[in-house]
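Order as written gives the chain letters A, B, C and D; numbering starts at 1 within each chain.
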Amino acid sequence: MATIVLGVIGSDAHVVGITILEHALEDAGFDVHNLGVQTSQSEFVDAAAEHDADAVLVSSLYGHAQQDCEGFHDELAAAGLDPVTYVGGNLSVGQEEFETVRQRFRAMGFDRVFEPGTQPEVAITTLHEDLEETASVPEHVVVEQ
Amino acid sequence: MSSSNSNPSIRDERLSDERLVELQESVRSNWKTGAAVDFEDAIAFHESLPEHKRFARVLESASSPLLQPRAGVPTLEKQIDLLRSLHEDGGAELLPTTIDSYTRDNEYEKAQTGLEETRSTGTNELNGFPAVNHGVEGCRELIDDVDAPIEVRHGTPDARLLASITFAGGFQSFEGGPISYNIPYTSGYTLEETIEHWQFVDRLAGAYTERGVTINREPFGPLTGTLVPPSIAITVMLVEGLLAATQGVRSITLGYGQLGNLVQDVAALRALRSLGEEYLPDDVTVTTVFHEWMGGFPPDESRAYGVITLGGATAAIAEPDKVITKSPQEFKGVPTCEANVAGIRATRQMMEMVHEQSLVLDGVDDEQGLIERSTHALMDAILDLGDGDVARGTVRAFDTGALDVPFPSSECAAGDVLPARDDDGRVRLLKFGDLAIDADSKEVHDARLDERAQTEGRDPSFRLVADDVDAITDGRLIGRPEGGEGDAN
Amino acid sequence: MSSSNSNPSIRDERLSDERLVELQESVRSNWKTGAAVDFEDAIAFHESLPEHKRFARVLESASSPLLQPRAGVPTLEKQIDLLRSLHEDGGAELLPTTIDSYTRDNEYEKAQTGLEETRSTGTNELNGFPAVNHGVEGCRELIDDVDAPIEVRHGTPDARLLASITFAGGFQSFEGGPISYNIPYTSGYTLEETIEHWQFVDRLAGAYTERGVTINREPFGPLTGTLVPPSIAITVMLVEGLLAATQGVRSITLGYGQLGNLVQDVAALRALRSLGEEYLPDDVTVTTVFHEWMGGFPPDESRAYGVITLGGATAAIAEPDKVITKSPQEFKGVPTCEANVAGIRATRQMMEMVHEQSLVLDGVDDEQGLIERSTHALMDAILDLGDGDVARGTVRAFDTGALDVPFPSSECAAGDVLPARDDDGRVRLLKFGDLAIDADSKEVHDARLDERAQTEGRDPSFRLVADDVDAITDGRLIGRPEGGEGDAN
Amino acid sequence: MATIVLGVIGSDAHVVGITILEHALEDAGFDVHNLGVQTSQSEFVDAAAEHDADAVLVSSLYGHAQQDCEGFHDELAAAGLDPVTYVGGNLSVGQEEFETVRQRFRAMGFDRVFEPGTQPEVAITTLHEDLEETASVPEHVVVEQ
């Protein structure tokens, strides 16, 4: 079964969402490594390398996601890693339109960008989809969740 | 497992004058604006403030609950505009200044970058007001330009520099505490560390208080905001109140966050007040604050109003001294000023309408009794574990799990307690871990959750907890499985 | 003084089959669309409707209160869109079609002009849906295209053609009644006239019912929407229920409008249900509907939410069968669809959260007792005055002031009763006129209003009534003089 | 003391507002003739003539004010009357901006146009102002209420 690294990036301490995600992903059969809150980019990269993660799920609620995620994909690449990457939560400060936010994080390299309140089931479905063939970035995904 | 050792050196003792000065000196060097902090000058500034800007005085003399929103934007000009509007359009009697996350992490460099970017781009690059970067002068400008008392609200585990600057800057109320701003807000500090940091903050508040400038202190009652049973929240409030009182704080506002069940919320607010009076020294003026629902909100504004106004109704019945309002945009992100105003006004309308009515609810006394009994058990355990010292006892209680909090961010708490709602929507414990509440209380929790399990025909599990966490977001109080509501109501 | 004579010829008797046919013939000639009305064809259309569009069935089998907004726009296309959105986005289980004011006046020509202007300009030139002008076919298109039961809501004193067309058009629920759509809605009809008109409407509904097509009838409970004491409102409901039952109606929804005091509102809804069961024949299925606050609203949407959600909380406790929701834009004008959706969703959130809780309020039983006693006294007076005939008795009761309504638009009611809130915010009577409530009940009203006069240190006067009328608009429940709130709470 | 004719025009039956207005105007010393609800244009004109009204106050809540008031000032003129005319209430259907509504009714000849929720005190103050000198239309009024 696919291996997943999960955590809350930066100095964000919102723990409830990833706790729920962790349980749901485990129930769905994934091998989950939950790094907890206030996880740095390098902690994510190290864990992804250590566990040979198929997917890295980054959560951010507090509004500083953009600053915290800057350069994340370069770090992954530098470590020779190319997992599927998701980011979700409340990704910007304020009441910005989600579509704008999504574009921004897509441009930063995330394969999928999830809006506030995304149910674990949605993450599970798309993980199954994205990890079905190989663990590489699926080019065919058109419908974003 | 907790990372702190179980033989802590921390003691609940008043810091000496020398230690205060020494610490103040070292703390102020953490960022350049620290240099401007001068105690005598600060006292003079506070003394120049009119009566209606004195936080403790306004709060403690109010005849009905005062409303206060949460709000903070990066720049001084916009923060002034924002607070004025919350006061004038929203009618908030007490104002906030919510601090950004970098400042909470003592990352003043990053906060500076965010502030400068905000100034150049015009969009808010910080999720709050970086008070340390604005410095003493900036804070005083804010205090001068806004016509109501303002509190610093943050979430900073090490708030020593923030306190030094904002107290000197004229703020007279400061939220937080060593447990309530550790466990829900960070994973980077032991409790010993945060207790030590907050002893300084409280001692500094005490020093102002001794000079006649009362600094109100407000432990953060909702903790993780997520189904925290009243007895746990209240215990943390009492501990932080005791620690603050030792350092000379004389105005303490104990907090509690709405759970959504009217009877339980009213009972908890009454228990909070009566236990506060019981445990805190006589020379402390105890007030209470009720936070509108702190957990996950419904995504749409209209349903959010339902949650907010239920908070207003609860406050009207329980009559805390202060109510912290939420905005209908809570789900999505930091609210606009208009949304914040709307939250205050909706709350006020509900409160005013309900407040005139003498509403007596069945079962409040029983529930209050249960909360008080459990809290007494927890406090007894803490004092026992500390051999009478509440600081030491608290560290040991968290180490052993005798005191615990659901969904902690920090490893200081075991996180072995799991909350769930009973059939009536009251928050109970499904898993107690090693929590030191009495056997009688545990029986009540068990019995009530059994009732619910029967109504729904499912075994209590993490799934049920997760459903309860989502329930209000999904438009309900209890996370019933689809189609399994039962007919117990 | 009333304009009707005190020896009315009207009787509460079932119209004969011949009379029904005769009246139907004459009524349908009032506007060209009347020609399309054909009873057998209508029965066939109703029979073709799926179960979930049968109003009485959906309402009577619901396990918790159903929500229904008010909404009507001039054109068919927009009405379809509007109702779909209220159903799908708002989650309303029951839908309305609110009729425009010209149709209510039987001014079909003017309604036609308004409809055509709306079609050409694109802005709504009518304040509702002109169902008569749309005719049987138009109505059926609406019923077909929308996936929930729809009620006709209007305010028409002479609704005979409207009923003929909308029943034939597939609607299965029809609001109004001879008193409730006369006194608050018009100044142009005597009660004898409206009773006669509504006997036809009810008889027609009865004719459908006999054929297995139950038409639900809903007397309009809030009357003038302005501080109507529960006993008066309930008496009108019972009278209209009795009159309808005589004509063969078997599904009757009695209404009551929120007054804002939780205890009084819960008591009134319980009294409404129990008195309904008591007075109406056994073969009638009685349901109840609660209207969110029908008086003047606060101007801003945020405060309006406070009023609306208090209604939701009340409904969750009292559990009527249906709740008519208000929108946060009530103050200003006919609400947008979004605002209407928002009103439903805010109500639902509050209801769902409160509904799970078993809330028992002190004093409900006493208040219910008072309401029932007063209502019995009024009903006794009516039946006495009519020598056992409720139709004749009602006309005479209004003539003599034995039955009266505050702020009537019509001269049929004396308008000598003046309501005011007591110190707890419950609506009492300051002036009784000749109202036939019992002496004991009067004493309660007097005593409670004396209490308030003392709290406020002012004599009860029209000024106090005016202040109470404005209170909710001004953000309060009771119209206290400035700074004179007293400390009675 | 000035004489005022008051009523709700058209087929509008909202009676609460004018009842309150009537009491307040009487308390303020005006000679008030309240025509009640569902008053036609000609009933207004007749009453104004009969009582030699200084001001005519038209109330409309239900949204059809524009249709109901069309040609009202012509009727007054035809009867040789020129009282101060006010209109107030909820003057249009829906959520239209009040300023637009005001312009429209000003153009129809009303001296003042009052927004929803206008307190009686405001009406009293402006009546005092407008009726101070003569009972004719005051040209000097700039600040609208």
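The rule is simple: contacts are C-beta pairs under 8 Å (C-beta built on N, C-alpha and C of every residue); 3 or more make two chains touch, one makes a residue touch a chain.
Note that this is a predicted model, so its numbers are computed, not measured.
Tell me which chains count as touching both chain B and chain C.
Output, common partners of chain B and chain C: nil, no chain qualifies.
If every chain is reduced to the average of its C-alpha atoms, which one ends up farthest from chain B?
Centre of mass proxy via C-alpha means gives D as farthest from chain B.
Between chain A and chain D, what is the gap in Å from one C-alpha centre to the other?
About 64 Å, centre to centre.
Just curious, how far off is chain D from chain C if you go by their C-alpha centres, in Å?
30
From the C-alpha centre of chain A to that of chain B, how far is it in Å?
Roughly 30 Å separates the two chain centres.
CA centre of chain B versus CA centre of chain D: separation in Å?
Here the centre of chain D sits 54 Å away from the centre of chain B.
Can you tell me which residues of chain C touch two or more of the remaining chains?
Within chain C, no residue contacts more than one other chain.
Using the touch rule from the top of the page, what residues of chain A touch 2 or more other chains?
Touching at least two other chains: none.
Touch graph across the chains, line, ring, star, complete or other?
Graph shape, chains as nodes and touching pairs as edges: a line.
Chain pairs in touch?
So, checking each combination of chains, I get A-B, B-C, C-D as the touching pairs.
Can you check the complex and tell me which residues of chain B touch chain C?
Going by the criterion above, the answer is residues 260-263, 298, 300-307, 309-310, 312-313, 341-350, 352-363, 423-425, 472, 475-478, 487, 489.
Under the stated contact criterion, what part of chain B meets chain A in this complex?
The contact residues of chain B facing chain A are 101-102, 104-105, 107, 110, 114, 124-127, 155, 184-188, 224, 226, 295-296, 299, 329, 331-336, 339, 407-410, 462-463, 466, 469-470, 473.
Would you pull the chain A residues touching chain B in the complex into a rising list?
10-16, 19-20, 23-24, 36-38, 62-64, 67, 90, 92-96, 116-117
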